[in-house]
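Below: a set of structures, written as C-alpha cells.
Two complexes, one shared chain (chain A), two partners (chain B, chain C).
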Partner chain A sequence: MRIATVLTLVSLALLAIPLVAPAYYVTLMLPFMAYGVVLLGLNLLFGYTGLVSFGHALFIGIGAYTGAVLTSRFGVRQMELILPAAALAAAVVAAPVGALCVRYVKIYFGMLTLAFGMVFYTFLLKFYKLTGGDEGMRMLRPSLLGSEWAGLSKTAYLVGPYYYFSLAVLVLATLLMWRIVRSPFGLCLKTIRENQVKAESLGVSVPLYRWYAFMVSAVYAAVGGALLATPTGNVDPTLAYWTHSGNIVFMVLLGGFASFFGPLLGAFVFIFLQDTVMSVFPYWRLTFGAVLAFMVIFAPGGLMGLFARPRPVEVSRG
Partner chain B sequence: MILEARDVRKLYGAYVALDGVSLSVREGEFVSIIGPNGAGKSTLINLLTGMLAPSGGSVRFKGKDIGGIGMVALTRLGMARSFQLVQIFPELTVLESLQAAVISRLGGGARIFASLAGDGRIRADALDVATLFNLADKAHVLTRELPQGDKKLLDVASAFALRPEIILLDEPTSGVSTADKHAVMEILVGAAKRIGLRAIIQVEHDMDIVFGYSDRIIALHQGKVLADATPAQIEADAQVMDMVVGRRHTPRLADPSPPLGERAG
Partner chain C sequence: MTANLVNILMGGVFHAAILFLVAAGLQVVFGVQKIFNLACGSFYALGAYTGVSAVAYFTGHGGPPVLFVIPLALGGLAVGLVGVVVERGLLRFVYDRDETFQLLLTFALVLMLEDLIRMTWGTAPVSTGGLYLSYGQAKILGATVPVYNLLVIAASLVIALGIGWLLTRTAFGRIIRASADNREMAEALGVDMRWVYVRVFTLGSMLGTLGGALVIPATAAMSEMGIELIVEAFAVVVIGGLGSMRGAFVGALVVGILRSVAISVYPELEMLLIYLIVIGVLLWRPRGLFGTAAA
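This part shows the complex of A and B:
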C-alpha cells in the first residue's frame, strides 16, 4: 500500500504543479515528462531484458523530426496525429535496425546501437533539404484536442494545456508499461535477462523477444521525442547525437534500472539537477561525471536502490 | 523408436569427438549414458538436443532430423533438457520460473498486454509442477535464495513444466549431497510418471544412480559406443566395468533418504 500512497501523492502533485509553481519550473516539467516516456521504453530493454542501448537518441530524433516535419512542412498540427505518426516512423526504422542489433549482446549490442545512432545523426546533418541540416527545423505549436489555443501566449500554452496533455501521455504510457512488464511477455523478457541459455531451453525465442522489446522501446522513445519537440521549439541533429543517448542511459542509472519507477525519478532529478548546476557552475558535465562515478561505485541500484532492496517492484507475487 | 542416432560422427577440426555412434531410445525407457571424461558425452548431449549438427550420420526425434535445429525448435517438438551446472533465473521466483515454461508451452509469450497475474491457467499449471517437485511452499521464494538441492530440482522441474514427451537430464544429481541424491531421483521419476513422459535419458557419473534407475546403459569410450545393454549385463562385463565405470562396481540397493521437502530448512 505504500507504493499506492506515494503514487497518489505524486499524481496530485503533478496535477497541482501548474497551479502553484512558478512558470519557469513548470516548463522544466515538460522535458521531464517527455523523457519519462522515453525512459519507460528504454528500461524495458535495459532493466527488463538486460540490453543497454547507446543509440536510443536515434528514436527520440525520429519522434521529434516527425513532429517538426509534419507541422512545418505538411501543415499537420494535431498532436493526436503527430504522436501515432512518430510511433509509426520509429517502428519502421526500428524493425530492421532492431533485427540486426538483437543478435548481439552486451557491449556489441551497445556499440551497434551507437553506430546506427551516428548514421542517423549524419543523415540529419547532411540531407539538408529534408531535415534542415545543422540548423534543424521548427516544431510549430501543435493543436491539442482540436484546439490551437490561439489566445494563449507561448508560455501560457506550455504551462497550461501542453503540460496537462504531456502528463496524460506520460500517465497512459506508464499504465501501459506497467501492464507490459507484468504480462507473459514481460516474464519472458526477464528470463532472457536472467539466463539466456535456460530461457532458450524453455523454448523462449531469445532474438525474437529481444526484437519485440526493441520495437516497444523505440516507439516509446519516439513518442517521448515528439513530446519533447514542442518545448524545445527548434528540432536539430543534436537531439540524435550520441551524447544524448548517453544522457538518457545516465538518467536510467541515476534513478535505478532495477525498479519500474526508477527511470522516472532519474529523469526528474537529472532535469532539475542540470538546471540548478548550470545556473551556478558552467561545467555541468564535470558535475555529472562525478555524480555518475559516485552512483556506479556507491549506489549501483540508483536512487531507488537507496530506498529499497534491488528489484522489489517488479517481482510479481503471482 | 522415439530418439535415434545413426552412425553419428562429430569432428572438431582434426579431433574426432564422436566416431560412428548409434543409439536409440524406445517408448517407456530410462536410458543412462556413461563414460569417462573425454568420452564424448557432452558432444553427444549437444547433438541429441539439436544444439550441434553432426559432421556425419543423423539424429532423429520422432522421425524428424533434428541436427542443429536448436533448443527452441526442439522444445516445440516435445523434448526438454536440464543442465549439469544448474541453470536458474536468480532474480525470479520459483513460481515465475515455472510460469515461464508454461507460457512457452501454451504459446502465449507474445501477449504483451495480457495480465500474467490474472491468468489462472498459467498459475495453476505452474503450481501443479511445483507441487510435483515439493516446491509449492517455496513458490514465492527468489530462486537464488533456494538451497542447492532445490535449485537443481527447479532446473529439472521447469523442463518438466514444458510437458515434454522426452527429457534429457545432464547429471541430474551432480552438486546434490549424497544423502539427497536418491530423494531427487525419486521425485524425478515420480513426476515423470505423473506427466506421462515417454522416455528419460540421463548422463550421470554416480553409478548408484545409474545402476539403480536405468533400464538400459550406454557406455561411451573414446567417441565410440563400448556397450549398450541392461544394468545387469553391464555389471557382468568386466571389461566395460574397468574401462568405463573405472572400478569393480557393487551396486547397493537404492536406499531412499527422506524427500527434500521433509528436510529441515
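This part shows the complex of A and C:
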C-alpha cells in the first residue's frame, strides 16, 4: 500500500521534527496542526457535504476564547479540560446556528454563516468588559497531562510538550474523521452532495445529516481554535472575522477538498508558504490572492488534485 | 432634540447614499452574472485612495480647491475601469463553474487588491485634508449638516434614477434584464454575452469606486475600509433582496439609518443590530424585501 507507506513516513517525520528541526520551524508546526484540526472538520462540510461556510472562523473564535477565558479568568489551566469545554461551547452555539443555516444551500448558506460569524465578531469587539474588545484576552500557558512544565521557557514548552500534545490531538482528530467519512453516515453526506433528491428518496433526512455535519465541523473548529490560542498567547476578535473564514476555505481548496488529506496538506503549505513569502516580501496577501486565483481557475482540485491527475490522461491516450 | 434627530438621520442618509452605490454595483453584477462579488468593497477602497490622489494632484497643480469634486468623481470613475481587466482576466474563466469557486475567486481579488493598495499608498491612512467643509454647512431644523453630504446624497439619488432609466428605458438595459432573466434565450437571440458581462461588471466596479471616492472627503482612506464595507454592503443586499436595485436602495437606507441611530443610542449594538436583522431577513424571507430569486 503506497498510502500506508506515505502515512508512516509522515508520522515518523512529525515525531522527529522537534528533535531535528530548528525551534522556529517547530513553532510554525503548531498553527499547522491547529488549522489541520479545523480544516478536517471544515472539509466534512465543504468537501463531503458540499456546503461552503464563510463564517467558520466563528467556531475558531469560540474555541480560542474558551481557552482564554478559562485560563485567564477562571484559573482552569488543564488543556484536558479546555479542549472538551471548547468543543462543548461550540456545540451549544452550533446547534441553533446550524439548525437555521442548513435549511439553505449554496450562496444562501454561505451568506447566513457569514452573518452569524460577523455577529460573534462584533460581540467580541464591542462588549469590551466581557471580551477585552479589540485587545482581546490573554491565553495563559495551559498545563498538559497534569504538569505545568514550569521549568521550561516559553519556546521549550511550545516545541516540546505542547508540540507532542498538539500532534496527539491532530492524530486523534484525523483517525476519528477517517472513521466518520468511512461510516454509513459519511456515505450519506456524500450522497446528499451528489444527489440530494436521490438521498431523500432513499430515506436520508437531508437537513438532519447536514446539521450533524455542521455540528461535527463546528466542534473540530473549536478544538483547533483552542489549540491555536496557546502559541499565539493572545486571542482577539480578528480570529472570528470573515476574512479568516475565507482564509480557511482557501486552505482547504489549496490542499484539495476532494481528498481526505488535502486539507491537511493545504494547512501545511499555507502556513509555511505564508512564512516564506513574508520573509522576502511583506505583501503576502497579494501573493496568496494570485495563488488562489490561479488555483480556482486552473487547478480547482488543489495540490492533491494535481497528484491524482494521471488517470484521465491515460484514458484519453487510449 | 429635533436638531439631534436630524443630525442622526442625515448622518445615516449620507452613509446610505454611499452604501447604495456599492450595493448597486454588487446587485447589477449578481443579477446578470450570478456572481456575488466579495471584491466590491475592495473597489470601494480603490476608489477612495484614487480619489485622494486625484484631489491632491488637482490642488497641487493649481486647481481651485472648491472644484475638488470634479477630479474626485473623475478619478473614482476612471479607476473603476479596472473592472474590465478583472472581468476579462479572471472572472470569465469561471462562469460555468460552481458558485463556490466564483466566490473564492472574488475573495482572491479581495486579498490582492488589499495589498496592491498598501503597496501603492502605504499603510497609514490618507485623506483630502480640510476640503470636506469647503462648501460650508447648512442649517436644517437647527442641525448643521455639511453641504458636501447633501451633494453626495443628491448625486446618489441622481445615480439611482439614472440606473433605473438605464435598466428600463434603454436597449442596453433591456439586454441586461433579459440576460439576467434567461441567459440562454438572450444568447439565442443574438446577444453577445461576453460584451454584456464585461460592461455589466465594469458598471458594477465603477459604482463601487465612485462610492469610495465620494466618501473620502468625509473620512480617511484606510486599507481595511474595503473588507469592512463589504459586510455592510452584504447586509444591504440581503435585506433588500439579491439582484434587486430597488432592494439596494431600501436596504441601504435601512442599514445606513439603523447604524446611525444605534451608534448614537447604544454604540455596542452598532453592527450587531444590522447582522441580527440580516439573519432575521434570511430566515424569514431569504429572497429579501424586493428579491425575486428563491433560495
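In this section, the second predicted complex is superposed on the first by the 308 of 318 C-alpha atoms of A that agree within 3 Å, B and C clash if a C-alpha of one lies under 4 Å from a C-alpha of the other, contacts with A are read in each partner's own complex, and residues count from 1 in each chain.
By definition in this document, a contact is a pair of C-beta atoms (placed from the backbone, for glycine too) under 8 Å apart; a residue touches a chain by one contact, two chains touch by 3 or more.
These numbers were taken from a predicted model, which means no experiment stands behind them.
K.L.:
Should A:Arg179 be classified as contacting the first partner (chain B), the second (chain C), both, or neither?
P.N.:
In the superposition, A:Arg179 touches chain B alone.
K.L.:
For A:Thr191, is the partner it touches chain B (first), chain C (second), both, or none of the two (neither)?
P.N.:
First partner only, chain B.
K.L.:
Using the superposition on chain A described above, determine whether A:Phe123 touches chain B (first), chain C (second), both, or neither.
P.N.:
second
K.L.:
With the two complexes superposed on chain A, say which partner A:Ala267 touches: chain B (first), chain C (second), both, or neither.
P.N.:
Neither partner.
K.L.:
A:Phe54 contacts which: chain B (first), chain C (second), both, neither?
P.N.:
Only chain C is touched by A:Phe54; chain B is not.
K.L.:
Could you say whether A:Met215 touches chain B, chain C, both of them, or neither, answering first, second, both or neither?
P.N.:
neither
K.L.:
Where does A:Leu158 make contact in the superposed view: on chain B (first), on chain C (second), on both, or on neither?
P.N.:
In the superposed model, A:Leu158 contacts neither chain B nor chain C.
K.L.:
Name, in rising order, each residue of chain B that touches chain A in their complex.
P.N.:
On the chain B side, the touching residues are 70-72, 75-76, 80-83, 87-93, 95-97, 99-101, 103-105, 108-117, 119, 122-123, 139-140, 142, 155, 158-159, 161-162.
K.L.:
Please output the residues of chain C touching chain A within their complex, sorted ascending.
P.N.:
Within the complex, chain C touches chain A at residues 36, 38, 90, 93-94, 97, 99-101, 103-105, 107-116, 118-119, 227, 231, 234-235, 238, 242, 267-272, 275-276, 278-279, 282-283, 286, 295.
K.L.:
Within the complex, which stretch of chain A touches chain B?
P.N.:
176, 179-180, 182-188, 190-191, 194-195, 197-206, 209, 212, 216, 310-311, 315-318
K.L.:
Applying the document's contact rule, which stretches of chain A touch chain C when the two form their complex?
P.N.:
My answer: residues 46, 52, 54, 100, 103-104, 106-108, 110-112, 114-116, 118-119, 122-123, 126-127, 242-243, 246, 249-250, 253, 283-286, 288-290, 292-293, 296-297, 300.
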